[in-house]
Amino acid sequence: MLSIQGLKASVAERDILHGLDLEVRAGEVHAIMGPNGSGKSTLAGVLAGRETYAVTAGKVTFEGEDLLALTPEKRAVRGVFLAFQYPVEIPGVGNMYFLRTAFNALRRARGEEELDAMDFLALARERMKLVKMDPSFANRSVNEGFSGGEKKRNEILQMAVLEPKLAILDEVDSGLDIDALRVVADGVNALRSPERAMIVVTHYQRLLDYIRPDHVHVMANGRIVTSGGPELALELEKRGYGWIEKEPPARPAAVEARP
Amino acid sequence: MTQEATLRELTEGKYKYGFVTEVETDQVPKGLSEDVIRTISQKKGEPEWMLDWRLKAYRHWLGLGMAEPTWPNVRYPRIDYQDIVYYSAPKPKAKLGSMDEVDPEMKMAFAKLGIPLAEQQRLAGVAVDAVFDSVSVATTFKEKLAEKGVVFCSFSEAVKNHPDLVKKYLGSVVPYTDNFFATLNSAVFSDGSFAYIPKGVRCPMELSTYFRINAQDTGQFERTLIVADEGAYVSYLEGCTAPVRDTNQLHAAVVELVALPGAQIKYSTVQNWYPGDADGKGGIYNFVTKRGKALERSKISWTQVETGSAITWKYPSCILQGDDSVGEFYSVALTNNRQQADTGTKMIHVGKRTRSTIISKGISAGRGQNTYRGLVKVLKGAVGARNYSQCDSLLIGDRCGAHTFPYIEVKNPTAQVEHEATTSKIGEDQLFYCRQRGIAEEDAVSMIVNGFARQVLKELPMEFAVEAQKLLGMSLEGSVG
Amino acid sequence: MTLAEQSFADQLEKGAAGVEWRPTGEPSFVCALRAAGRDTFLRTKLPTLKHEDWRYTSLAGLAAQHFGPAARALVPAADLPPAPRLVFVNGRFAPGATDLSGLPTGVRMGSLALALRERPAAVEPFMGQVATARDHAFGALNTGLFEDGALVELEDGVPCAVTLHLVFLTTASGALFAAHPRNLVVVGKGARATLVESYRGAGAYLVNAVTEMALGEGAQVEHDRVQEDGQQAFHLGLLQVSQGARSRFTGQSIALGGQLARVEARVLLGAEGAACDLHGLYVGGGKQVLDHLVYIDHASPRCVSREVFKGVLDGASRGVFAGRVHVREGAQKTDASQVNSNLLLSEDATVDTKPQLEILNDDVKCSHGGTVGQIREDQLFYLRSRGVSEALARAMLTWAFASDMVQRVGPEELRVRVRRAVTGRLANGELLREVA
């Protein structure tokens, strides 16, 4: 589904990604872990098309198409969804109105019929249960005055409504207490399916107790330095990231896996 | 409206009210003189007192020596007041007996603007006075309003049929000596709307005037007077458009509101005069004086959405004369391309415990220049006066300007006045967030701008709010990317 | 012409003819500046209420007076600040009261008039180059008529740890006169300084001071301006600052004296990354008019400006604040904020404020605010319910409003002095001895 080869990217002329490779197939859940500053969020931003990042080398294909050539909204209608680490507030724009606009933009791009306000509300209400969201959220402005947990739940709700093919969850666990974390994780798990791939970016192993990944990759200095199964995350939990940075494995697994 | 249609409108929809209606007109020659004023007055069959008032204003205007105000933050070439047609009226085919006799061309023109003049086609609950160039061509639902004692008619009719009311209140809020443009208007005003809501009556429907400039080289000088008697309530809407022309046209209107004790007047404007083209050619000079006087426990609320005109110079104000009176001003002003707007309000606190709220949202795009100018004045006797002002500016693109010029004058120690303002550019993060969810950039901008303006838009009557939202999106066309 | 305008015009003409007070041997660039100042003043004359910058402050009282040239006077008894200090009396240098001990190497301070005679080349690149406000009547008048003032110079990289004091004393005598002190402060690249301008006096007179300050790249200056002129005096002050790249200017203006006192701070953020932080406090009583005009010119990218001005107005005093933040085209990433708050303590006190923003650029973050209010009844009641007398409670709450501006004053001994002066002017301020 997603193939990343030799990806290099920079922000304000500072190189962040130094040649990153990753293959993601439909149905898989990949966890990307790594210390602060290792480039995890940059990767998420580059995949979604954030313009502050400049891609300087490499290729990213999504279902055979050159993802990097597409505008952010085109990527979204193709099925790429980013759950933001810091969801932005948009004062005055209603939460439901926003979501319906996005939903119908996606439907339209796929040649499907748009839903009117009533039908959409019914759909959204049902999905809101998934993340135990109070119906009053519908009437508030996008993320405005939301607590950290509410913002993250709102991201998962959007994912549930927009039903992406590839969901990139950028530190959905940051700033959450254990109850909120469980709600978010339950929501994510309910959306796992054989057609959908997920990339879960996180600093902590904790999240992976709730969202069990198929593959775990560890990033350091803008590269994937080692890859493995869920057990890798446990090892990281035990030994910390210092181990990776001090003695990086000679040949990263992801590179070996390259065709 | 489907998203697709919205999108099309956003990408292709230039100024869509730019058509010209071919009608035979009755015009006075260009230029201004006592004779022209006498002619206008005569054509309207006015009584002597009305002509005298006009002439007094004209003489005062001559005394001002062509000295237009120079303090607004707008730039335009000198206006030649002798090169303007001061009266232009569509020739009636026959004397109008009923709505069915309105010139079909005229009906079509207003239908094209989305203002059907036939009552059965009209959205229930809105009575319309349609003003075409210098005269009112039709007023709907008159009879229905008359049942409640509400008078709603053209200004000319009011002069004939309700001279006592007109005499009593004309110039009582905006005297003919008020300012350069108000004085000019007092001398040459041709028509406008008049409304009177009797004691204790809640006006059963929204009153609305639709202003249309059609003829070339004409100025439009309408005059609106609304009187809400004790305890009455009225909501009044005003809309305006003009054809695309490459010369500038002058619009100098005066609006006076009188809210007697306990009355409430809600006055909403969606101003969409032709703004000129992308290079600043053509467009309306919109130099308007609007003011309301609020007596005890009354309330005057101004809401305006200003998207049109090449230049806007407009300060809908409240004189909070009576104790416990309330003034409100909600404004969205958008300037794109070469548009300039200098707009705001004055809240004059005279009575005790008077309260006022100012919410102003300025949006600048292209090379647009947007100025908020506001005065909050608390006089000595205004014990316990309160004001809250918030003025936010949103900038789109790096060649536009946003200026905030508040003036606060407090002469009573028990007053509490608070002014807050922010200026920022449209958030890159917000745009990216919307686009990541699949919303195209233009739509995202329109959505964020509407969100920014929401506090004001929600003050508009439903029907107007929808139109205003569309307008904001349309007016921003071409400002991103 | 008004009486004042006439009296100034006469002196300007005489000055041009090289008679009377005019210092001899001035270099030609000063003569040219003086001539331009004279021409500007004769053209503009005194501003009236029609002038946007003077909309709220009438000069009618000043205009009706005749002002002669400043009289020579002995140094009055005054508690002078610690050395190093320069002292001026009625606009003239007072070497006897001046004490330059402890002045670090790399820092020079002395009489401007002397420097103009002895080493004009040091002054020429700066004088009249910083104070560039067009058609500024009082600035022009000062240029035409100044006799002396301070010249302070810091060499590149000098971290001056001691506070430099400039003291301007004025003593009224017989006929009404005007003094026009003129100061120039040149701070080299990366230099750091704390500078205090104190204006004090008694009786009726006019002080029309101009201070030009040029900050080199990376320079850091803290500037405290404390105005305690006589209650019958007219005080006009123009502080004009030009900032180099990444320089930092922190300014405090405390305005207490004068029947009419107007201070203008005009700051040019002329190079990338410069920052200024301006604070002000005006405490008015009687029929005083205390006026501040602050103009920040954001002419370069990535500059930051902060303004907080507070007014406490009692009696029949008037407070006036006009702030203008001007963000020019190309000044990307500007960050500006401006706040003016006022406390009205009596029936007849009034305030006029216009905190304004003028922005010609989209990549900015600007905010401003203005408030006018009075002591909150609930706070007053709370204090009284705890046994505090109403008089003390009022004084405490007033002090609470003003004190953060006083705390901003850097040098300890000055802060104590200002605190005493401010509380001394508050109604029942003597009750505050403990809190203050």
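Letters A, B and C mark the chains in the order given here, with residues in each chain numbered from 1 onward.
We take it that a residue touches a chain if its C-beta (ideal position, glycine included) is under 8 Å from a C-beta of that chain, and two chains touch if they have at least 3 such contacts.
No experiment lies behind these values; they were computed from the predicted model shown.
Novice: Specify the chain pair with the maximum number of C-beta contact pairs.
Specialist: Answer by contact count: the chains B-C.
Novice: Return the chain label for which the distance between chain Cα mean and whole-protein Cα mean is smallest.
Specialist: The most central chain here turns out to be B.
Novice: Centroid from C-alpha atoms only, then distance chain A to chain B, rounded to Å. What do you get?
Specialist: Inter-chain centre distance comes to 49 Å.
Novice: If you average the CA atoms of chain B and of chain C, how far apart do the two points sit, in angstrom?
Specialist: The mean C-alpha positions of chain B and chain C differ by 45 Å.
Novice: Just the number, please: Cα centre separation of chain A and chain C in whole Å.
Specialist: So the centre of chain A lies 56 Å away from the centre of chain C.
Novice: If you look at chain A, which of its residues touch at least two other chains?
Specialist: As it turns out, chain A has no residue touching two or more other chains.
Novice: For chain B, which residues count as touching chain C in their complex?
Specialist: The contact residues of chain B facing chain C are 71, 364, 378, 393, 395-426.
Novice: Could you please specify the touching residues of chain A with respect to chain B in the complex?
Specialist: Residue positions touching the partner: 48-52, 71-73, 75-77, 81-82, 84, 87-93, 98-99, 101-102, 104-106, 108-109, 114, 141-142, 158, 162.
Novice: For chain C, which residues count as touching chain B in their complex?
Specialist: Residue positions touching the partner: 52, 56, 329, 332, 342, 344-347, 349-374.
Novice: Per the contact definition, I'd like the list of chain B residues that touch chain A in the complex.
Specialist: 2-4, 427-430, 432-441, 443, 447-448, 450-455
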